[in-house]
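Following are the structures in question.
What follows is a pair of complexes built around subunit A, which joins subunit B in one and subunit C in the other.
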Partner chain A sequence: MRNLLHSMNPSVKFVLVTVSMLTIAFFFNPWTPLLFWLGIILLQLTMSRINWKLWLLFMLLFSIGAFGYLWTTVVFGADTGGTVILSFAGIDVTDEQWARALSLAFRVMAFSTLSLLFAFTTDPVKFIMSLMQQLKLSPKLAYGVMVGYQFLPVMKDEFIQIQQAQRLRGAETEKRSWQRLLAMRRVLIPMLAGAVRKAERSAFAMEARGFTGEPRSAYYRPVRIGRTDWLMSGVFLAILLASCIGGSWMS
Partner chain B sequence: MPEEIFSLSGLSFRFPEDEAKTLNAISFSVHRGERLVISGPSGCGKSTLLYLLNRLYPENCDGLVDGEIKLFGKSANGYAPGEINHRVATVFQDPDSQFCMPTVEEELAFTLENLHTPFAEMEPRITAVLEKTGLAHLRNTVIQSLSGGMKQRVATACALIMDPEVLLLDEPLSHLDPYTARQFVHWLEELQQQSNLTIIAVEHRLDSWESFFGRELELGCDGRIVADQKFMPRHPVSFPNRQCVAQPAMALRAEGLSVTIKDKQLLAPLAFTVNRGEVVVIAGPNGSGKSTLVKSLCGIYKRNTGTIESDGIGYVPQSPEYLFLTQSVHQEVAFSGASSQPELDGLMASLRLEEIRDAHPFAISHGQKRRVAIAAMLADKRPVLVMDEPTSGQDTAALLELFALIDQRAKGGTTLLIVTHDMEFAASLADSVLLIKGGQLTGKFKAKNVWSNEKLLASHHLLAPKGVAHLAESFA
Partner chain C sequence: MLKSWKLKEVVLMSLFAVVFGIVYLLFVHAANIWAAVIGPLAYEWMFGIWFIVSIICMYIIRKPGAAFLSETMAAAIEVLIGNAMGPRLILSGVIQGLGAEAAFALTGYKHFNILVLMLAGIGSAVFSFVYGYFVSGYAALDPSFVALMFTIRVLSGAIIAGIGGKYIGDALLATGSLRGYAIARAKKGDVNA
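Take a look at the complex of A and B:
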């Protein structure tokens, strides 16, 4: 049970997430995104094993964003009519405005939770492999991404080494963040120069092993669509349908 | 005479952006089961020749080819892209950029998928090649966690899983230390004897191969064949003799120095002193704490305990361009502003940087980059220099240049600490040796006492330098 979300086919999960987002985007009442959001959290609580601490940290950021939406819609939103339910500091908040603001805020929460659900329960390598096998992503692109993914730790090491070496030279660490961002350029140039060379070498190595970018006829680790995926698709769609109908009915 | 597999006649090759031809009037043929090495100085077109044999060139560089290349009796142009790679496999030099999958097993499977191997055959072929190469225990290991030597073995296994007739090696040892390199060569020797594989290698470090090859094809600087002869085992680069120029004054004293990062002690408390003008080699197995020591000495890592007394310690990384911050060589040297103009001029002259004064520091040769880095460190008043792996991937000419440079700086009163695996280089240069193992300093030894002590060297994964006898005589 706790593995269900992790063992799903990544492409199926990806399609479900996309479909859900597109559907929710057509509902402007506050209840649909709220119900959907709660549904997703429930799903995650019961069917995944994730690092909740990290999840909370991310959600904190998104919550700030959601509050921003709420605030700006309430304060700066166009006058839509309806009855005034709250008045403060010269601002009148109508019930319609309030409903729309809540809807936007909940939508942000629902979408971010859904994205995190996908990110936290999907192995990137398996995702790429599945995109190639189920959604016919071109192998050239897929393996290109894979190579990039393998390079990430190497690039990180290199970045640290260059930074250390330059600091030793007395490259001043800038106080202001935008200056620090500009100073990054000095670290990035040697790094990119190295990355271009590495990329060419990788391309040669792949080609020398017979990689031409043609579609493959057999996979060593086929990523399949199984019973779990049908079951989970059902669960997702049920949550989606329930929140759509429930939300419309409640508002 | 075995069957002829490759035959080249009157081949010449030019990159579209170059005026001169990279390869010129190349004619030779290769027979099944041969072990051929293509040698020559850096930039003579060795790798280009190899890439013409596995069809990476000319398509990938729009190069212009004249003459004829016949692979397995068929003109090279007659092969579809990727077709020849099933029969001719290649291992490249950089262990870090040959893989695209996370684990060994998946990487092997990637190769099989490229060949359109049916699913049922994949599993047995992966098992077979892992058995054959003795890598079965690494099957599910993450490739990026392996050492350079092991990565090269995995790359070779990925080549062999295709059941190739020819194995091309592009300087496969250049990123390995001599100890690992020797193990790799012995391993390859066994593999070659099991299967009658044809091996063609490009290499400038011929001494590491002992008597592996049967034939040598030497290219000259102009891209012509200079010699096509029976391979003779080589002696390592012989460096000139050098006198110790250490002065009595102390340049560096480390006392109770230790480094702990994230609750892990990388360096146990250690103490040593180095005199002015002394050349010290720091050696030990991979991951033994050499880099940690070096980085804590020059202040990149914070030390947890201990003191370092010195006049200023500079650092020259393996890739000197990591240090560069400006747009021209002279600005680079003057960057710190710690030296006066006459001092700067003196440094520029003594390190032969005047002629490249206005060049961009990224657009000069590797040797020049290193000289710029040294000049910049000395101009920053750091008379103790730490060089991290300056010998890795260098050919004979570059090593001799490096030797001369270090000797010259030592005579000028610079103190040098050099991290290297190259024991011939170390033996010719070092006044003393710091041996490190598992984060512990074994001790600081007089150089001449170390080279003949094979047990001590072997326990630090080092090979006794070839020609120790000769050195012992010169010390006597």
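Take a look at the complex of A and C:
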């Protein structure tokens, strides 16, 4: 039971998450995103094993963003009519406006939870392999992305190396944060030049070992769609449908 | 479409996507903190940064699809790194890439001067704004505020992505590492090679 979200086919999960998001985006009442949000949290609570401390940390960040949405929508909201329920500093807040602001804030929360659900329960490599096998992503692109992914730790080391080398030669470190941001180009250009060389070398190595990039029919590690995926699709769509109907009915 | 692509060009896009994926992530976090203070407006002026990889890759590789594919790859890499935004990011990467691609397609993939690059930045801005209008529900905001957001985003796309992209591309060309790519051949005046 607690492995269900982890063992789902990544492509199926990806499609479900995308469809849910695009559907929820049609609703401007506060209940639909709220119900959906709660549903997704419930789903994650019962069907996954994740690091909840890390989850809370991320959610905290997203809540800050949701709060930003809440107050901007209240202050800069479109004229929708309705009765004034609150007024301060010359701004009248109508009940309609408040409902929409809440809706957008809950939407941010719902989307964030949904994204975290995907990010926390999906193995990146399996995701790319599944995109190639189920969604017919070109192997040239899929393996190209995998090469980039494998180079990630190398890039990190190189970043530190370039910085240290520049410091050795007396490049100044800026104190102000915006100056440091501008000084990033000093590191960025050598990084990119290194990336160009790495790309050439690894592409050459791949071709030398017989990689053509042609679509294939057999894979070393097949990723399949199974019974779990049908079951979970049902659960996902049920939550989506319930929150759409329930939300419209409650408001 | 991919038939005419060399593997080294695909891998180049992927590695650029890694570098910029990290840059993008840094800015996402910075923007998220800003957003709490000044709302969605915080994202607008730095939006151009998120379009830059498509413009740099197209400027270097000059093949149909370079803008779209690189932006999508950057989004995919961000997800692989373990970004909390997840699949949502891939979708916006696709949309932004298509916006830049549309600008290059309009000019027939023949011109890569600063104006076309700025147009590509604007294309990304417009596409991503339409998408954001729908997904983030800008319809609930006051039209004049939405217009302000739109203007800032277009400017950011033209200046940060367009001019910034060309600047980085030229700086990279000067290092001499881009021999063997379309940008270096075009400089020599041998366009057909």
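Rule of thumb we're sticking to: the second predicted complex is superposed on the first by the 251 of 251 C-alpha atoms of A that agree within 3 Å, B and C clash if a C-alpha of one lies under 4 Å from a C-alpha of the other, contacts with A are read in each partner's own complex, and residues count from 1 in each chain.
Just so we're on the same page, contacts are C-beta pairs under 8 Å (C-beta built on N, C-alpha and C of every residue); 3 or more make two chains touch, one makes a residue touch a chain.
Here the structure is a predicted model, which means the values were calculated and not measured.
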item	value
Fit or clash - subunit C, subunit B, common subunit A	fit
Partner chain(s) touched by A:147 [first = subunit B, second = subunit C, both, neither]	both
Touching partner for A:202 - first (subunit B), second (subunit C), both, neither	both
Touched partner set for A:249, first subunit B, second subunit C, both or neither	neither
Contacts of A:111 with subunit B and subunit C, given as first, second, both or neither	second
First, second, both or neither for A:219, with subunit B first and subunit C second	first
First (subunit B), second (subunit C), both or neither touched by A:193	both
Partner chain in contact with A:169 - subunit B first, subunit C second, else both or neither	first
Partner chain(s) touched by A:230 [first = subunit B, second = subunit C, both, neither]	neither
Partner chain(s) touched by A:52 [first = subunit B, second = subunit C, both, neither]	neither
Which partner reaches more residues of subunit A (counting touched residues only), subunit B or subunit C	C
Minimum distance between Cα atoms of subunit B and subunit C in the superposition (Å)	6
Shared contact residues on subunit A - subunit B and subunit C	147, 151, 189-190, 193, 198-199, 202-204, 206-207, 211
Touching residues on subunit A, where the partner in the complex is subunit B	125, 143, 146-147, 150-151, 153-154, 161-162, 164-171, 186, 189-190, 193-194, 198-199, 201-212, 214, 216-222
Contact set on subunit C toward subunit A in their complex	2, 5-8, 10-19, 22-23, 29, 32-33, 35-42, 69, 73, 76-77, 79-91, 134-137, 139-143, 145, 168, 171-172, 175, 177-178, 180-181
Sites on subunit A touched by subunit C in the complex	14, 17-18, 21-22, 25, 28, 58, 61-62, 64-65, 67-69, 71-73, 76-79, 100-101, 103-104, 107, 111-112, 114-119, 124, 127-128, 138, 140-141, 144-145, 147-149, 151-152, 155, 184-185, 188-193, 195-200, 202-204, 206-207, 211, 213
Subunit A contact footprint on subunit B (complex, rising order)	51, 54, 56, 60, 81-82, 85-86, 89-90, 92, 94, 96-102, 106, 109-119, 122-123, 126, 143-144, 155, 158-159, 162, 168, 295, 298-300, 314-315, 317, 319, 321-325, 335-336, 362, 376, 380
